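First chain A sits with chain B, and in the next complex the same chain sits with chain C.
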Partner chain A sequence: MSSTTDASPNPTGAAAGRPRSGGSPAGGKGAKPARRGKPGGRDLAAALPWITPALILIFGVVLFPAVVMFYNSTRDISLSGLDKGSVGFDNYVEVFQFPYFWPIFFRTIVWVVVVVAFTVVISLGLAQILNKAFPGRQLVRLVVIIPWAASVVMTTMVVYYGLEPYFGIINKFLVDIGLVDTPEGYGWTKNPTTAFMWSIIVAIFVSLPFTTYTILAGLATVPGDTLEAAKMDGAGSVRTYFTIVLPQLRGALSVAVLINIINVFNSLPILRVMTGSIPGYDADTIMTMIFKYIQNQHKVDVASALSVVAFVIVIVIVAVYVKVVKPMKEV
Partner chain B sequence: MTVTETRAMLASDAGHGASGRQTPPRKRRYTEDQVPLGRVLLRMFAGLIVLAVFIVPYLIMFFGSVKTKSQILSVDPTYFPTEWHWENYLDMWSTPETPLPQNMVSTIVISVFATLLVLAVALPAAYYTARFKFPFRFVFLFLVIVTQMLQPAVLTSGLFRQFTALGMIDTWAAMIFINAAFNLSFAVWIMHSFFAGIPKEVDEAAQIDGAGRLTVLFKINLPLVWPGIVTAIVFTFVACWNEFAASLVILSTAGNQPMSVALTKFVGQYSTSWQYVFGVSIVAIIPVVVLFMLIEKRLVGGLTAGSVK
Partner chain C sequence: MKKSLRLGAAIALAATASLTLASCGFGGGNGSDGGDASGKTTLNMLVPSYSDATQDNWDTVIEGFEKENPDIDVKLEVQSWDNLESVITTKIQGGEAPDIYNGGPFAGFAADGLLYETKDVVSDDTYSDFQDSFLANAEVDGTAYALPLIASARALFVNNDLLEQAGVSAAPTNWDELLDAATKISKLGGGVAGYGMPLGSEEAQAEAAVWLWGGGGTFGDAEEITVDIPENLPGADQIKKMIDAGATQADPGSTDRTPLMEIFVQGKIGMQVGLPPTVGQIEDGNPDLNYSIVPIPTKDGSPFTLGVMDQLMAFQNDGDKQDAIKKFFDYYYSADVYVPWVQAEGFLPVTKSGAEQLKDDEALAPFLEVLPDAQFYPSSNPKWQATDGAFKSLFGQIQSKPAQDVLTEIQAQVDAS
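Right, the complex of A and B next:
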């Protein structure tokens, strides 16, 4: 069973930039003076043709818009898009003085925490099932991919339709099994609280495939002989799972959680479809609020200020998470 | 792939353990076929439930797509279509809510060109950073990771202002650039780890035989990293295909919008043509699901390359 150490998908990855034992110049053609010396200006010049297109895209379409957004958040921009000068932090004042801001803020936290927590716990169970050998496993694995590949908008819309009173299929099912006792069903999507609750369910559903597959990758790295040894020592399957398997999944889990936090925080389509037609601000998160500012109120300046707030929240969450959990420590 | 092989081995290991718990285990119980039947049935049952949960929303979608409008809006709905109206798949393209044929073209054009752009930009960067050292190489890779942390949604107001200033608002080109930029990091990351996985001796041997750097890249390396390239292409294409947040703000003309944005116009209407929404959804979902299923084995390895050991 020693060959299970090959499980690392990329065994030589860590040594990518290091010289091999011979110390021979890998680049050849004299682009590199000597392998031992520090790379110098000529190396940078040689690299530029290869990486400049990527740099242009990153700076031009990711980092520069971020700067524009920070700048706009301090400007007064008219409904037609005209910049009417600086207003200091007035846009931020408007963001924070909006009476629904703090409810929206805390709803965003609930949204992220609940969705990510349930996603991870359910995915751990799913991965256990999909990691066991049984006839038809391959089919189940393939079907689990569907919500990952399918458009989140389309997945949410079928749930939205299903929850419609009178003709929605999910409502009919809930009536048929006796969970809803009004024959026309319940207006789940007409009420901010229940619409938000169903949005959470959809968000968990579409986050499961990625998380499950990441955990499956982690499970593939659990050494088989260790499991064998634990069985031999008489450890039950529950104990084996918590003392051997789960610690081994730390790397996979920490990456999955980080990516899920970012995705769920930035998620727009689910709430947009499920709660978008409900008036008021009782089912909004920061992300849907940004789009309400841009599209309904045409306040790009206030939207920018709220985006900066969102941006800072994401950065803080990621920084704290990376500091505490160190998911990237092997990169 | 080693990951798959290992996984298969692990699965059979689990089988050994399950059947051979009693001591002393008889030798022939150490084959996978000897997992107790009851346990196999239990696993199949669990698998069946998982299968049902994951496929039901899309079955609802499919069954809905062949119902008539009066059937799908009927006060006492049926789970299955009583008659199959396949003509919906022809009629749906001329629905008044949004110009769906144009939305389809829009989705295809944006996804294809954004994917090509990602490939053209990410491949050289991934190759060079994996193969050669240069100053600020680490800074560059760090920038790539930072980009991965950011998504169009949080930057929309900045993107909106920038592309307005550039006169590119409401154009496919703007969305091609945005999709390419935000999917670049993932593509670089995956291909980087595949390039890094090729032993340098391979390059050196080719060079000794007189091959130039470009020959080494195209003739020697590309065939070896082909799985990584396919993974990057599929992930990028599917992400562009489903992109929603930036398209919602950047593309204001109905005909320019992709399917994801166009379909939301059906929500909250007095009597929605759900059968057409679902027909279009099925047509839009099948190709990307098939693409993802084709790389199922590499979904795991590709995703975690470089981050999960």
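Right, the complex of A and C next:
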């Protein structure tokens, strides 16, 4: 499709940024609208060799597992993994009848909202600092990447062991400054509430680099003359930030939020490490529950059903977000 | 159209991200088949890691075996206990079951018709060399489907110095003495705990068995799993009594066994139930620790230990591999190969010839002594796997919930499986 418009090297198409919008002004030559009338067959055939690898990838990596997951969710799979036939939607019934399902569901929402909100607010501040010129900025920018470059499990393990009673360095510190009064420290990761809170802190920590850099990229696109104009009109720095800079960050922010929502919702390793030894279901989110179905109960079928439910939830959240915020709309 | 395209793009993005987790289940197949071009038979073997040396210990066995049988190639895969069961499930689901598998529960596999009978994969000599009680524990409906591999028994490790400091003259033999001694040790302060009680997900079923069975309870037998029965209540109540009296470390419900044992080794815990390999662990970590090993205290002081037996099992993949598997097992269980292996891992042997050779080993003696009173998990019950999982994920709640509720919840999860 794009080949028709790219054929005419006119400045209009380039300025609009998208080949499609360049179409009508460029359509001066009579033949073109006629060809556009039936874009189907030949173009597609010509494009096929080029897009086949991508299609194979999408089918193999995205659609095939999705179909298998849905298929598994309607089967009865034995403990050792053998398929014993269809059970219709019984697995879904089991998921929703599980007495802890709704607490887990709401905890998942809290998890996503809190982590994403804090991540974005802190990242906005960090990006602002990193956008200013100061000696050693290069170095600080590098340091901010580290939590991203390090394995999430490793980062979480470091915090987890730091929080262990008896030998954890964080516990030792808290005991030394007198905040914890038992000499062996407090079992932060042994109690559902504190373990969940620490998981949120770790999740924010590992989400910061990506978000900061997305916003930093957004800041780089804010034109200097708009800031200058605001200055000349006598706007203070706070007002400039909220009325000039922030609206122009809309694109970067909305992408960052969208990707973070999906990422945080699907995050397993942090909670798995931090809350793994806690009995019961008082610190679980949907993702760790899927894991527990597989690991502890060997119910691959029910786990698949819950995965499908999680999948639907993510799509609903994203659809609502896209509808309400319209993240891709230009400012 | 534009808008829907973008919505579509966003949804595709969401789909990709959310499927990353789901697609994790589809890895790990290596597609190796029975025989290869050179006519060699390949045996795939999946084992858990008992210690850091497990890989080397097996490699030694395999090397010796391959030297004697150049036409058989043994491929070893070592996994951690945490992952073992999900790995085997994934492999079976993908039609890539290993030929030889070393694990705990086997009845589920036998019920699905995946295993060779033990008789079919070992010679008569090897078969009759197994201790009868262990072999009986590997049976489903009177037919053995697994080969006993190692046994272990548990005993109470006691820190003599802490006991002395707390003014306790002798190691406890029953629950009242244990509660009393543990409370006194806990009162020493300085972060010292009287009794180390690991009810976290790592091995909650073991600590649960120590208490519930020690009070006359049971988890059931090959036919029926019985967790929610009155016989199990005294043990569960005693656990609560220990916790409420402050006789244990903090948060017993979510403390895992391995890290807690480290703390015992460092001399911060008065008493904790341990295994034969714990002896080696103390030797490595803190050889100066003044400790002794005594039988586990029970309600009335009658002798009891929790025996655990791990098994080898042979999956029916390909008819022509049966002979190769048989050769391997016969080689492995010969005393000259088997005894060094068991010794290196620090467990107890399951063969008569092995026990004969090891009876003078000092570190193992206290455990060999309690072995006759061992009770085993009902691991030949097809529901044992589910029971095991239910204990791991639920039993620790006893710290904050009434004992009866926890037992009921576990039973419900088992029945629903």
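As a convention for this text, the second predicted complex is superposed on the first by the 286 of 331 C-alpha atoms of A that agree within 3 Å, B and C clash if a C-alpha of one lies under 4 Å from a C-alpha of the other, contacts with A are read in each partner's own complex, and residues count from 1 in each chain.
In this text, a residue touches a chain if its C-beta (ideal position, glycine included) is under 8 Å from a C-beta of that chain, and two chains touch if they have at least 3 such contacts.
Note that this is a predicted model, so its numbers are computed, not measured.
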**Item:** chain B versus chain C as contact partner of A:Trp111, first or second or both or neither
**Value:** neither
**Request:** Could you tell me if A:Ser277 is touching chain B, chain C, both of them or neither one (first, second, both, neither)?
**Result:** both
**Asked** Taking the superposition as given, does A:Met69 touch the first partner, chain B, the second, chain C, both, or neither?
**Response** both
**Request:** Identify the partner contact of A:Gly81: answer first if only chain B is touched, second if only chain C is, both if each is, neither if none is.
**Result:** both
**Request:** In the overlay, answer first, second, both or neither for which of chain B and chain C A:Trp198 touches.
**Result:** neither
**Request:** Go through the superposed model and pick first if A:Val144 touches only chain B, second if only chain C, both, or neither.
**Result:** first
**Request:** May I ask you to name which of chain B and chain C touches more residues of chain A?
**Result:** B
**Prompt:** Can A:Tyr92 be said to touch chain B (first), chain C (second), both, or neither?
**Reply:** neither
**Prompt:** Is A:Phe311 contacted by the first partner chain B, the second partner chain C, both or neither?
**Reply:** both
**Request:** Determine, under the contact definition given at the top, whether A:Leu268 touches first (chain B), second (chain C), both, or neither.
**Result:** both
**Prompt:** Residues on chain A in contact with chain B in one complex and with chain C in the other?
**Reply:** 61-62, 65-66, 68-69, 77, 81, 166-167, 184, 262-263, 266, 268, 276-277, 287, 290, 294-295, 300, 304, 307, 310-311, 314-315, 318, 327-328
**Prompt:** Touching chain C in the complex: which residues of chain A?
**Reply:** 61-62, 65-66, 68-69, 77-82, 94, 164-167, 182-184, 186-187, 189-191, 258-259, 262-263, 265-266, 268, 276-281, 287, 290, 292, 294-300, 304, 307, 310-311, 314-315, 318-319, 322-323, 327-328
**Asked** Across the complex, what residues on chain C touch chain A?
**Response** 6-7, 10-23, 25-26, 85-86, 88-90, 92-93, 108-109, 112, 114, 189-191, 193, 199-202, 204, 249-251, 253-256, 259, 263, 266, 268, 382, 385-386, 389-390, 392-397, 399, 413, 416-417
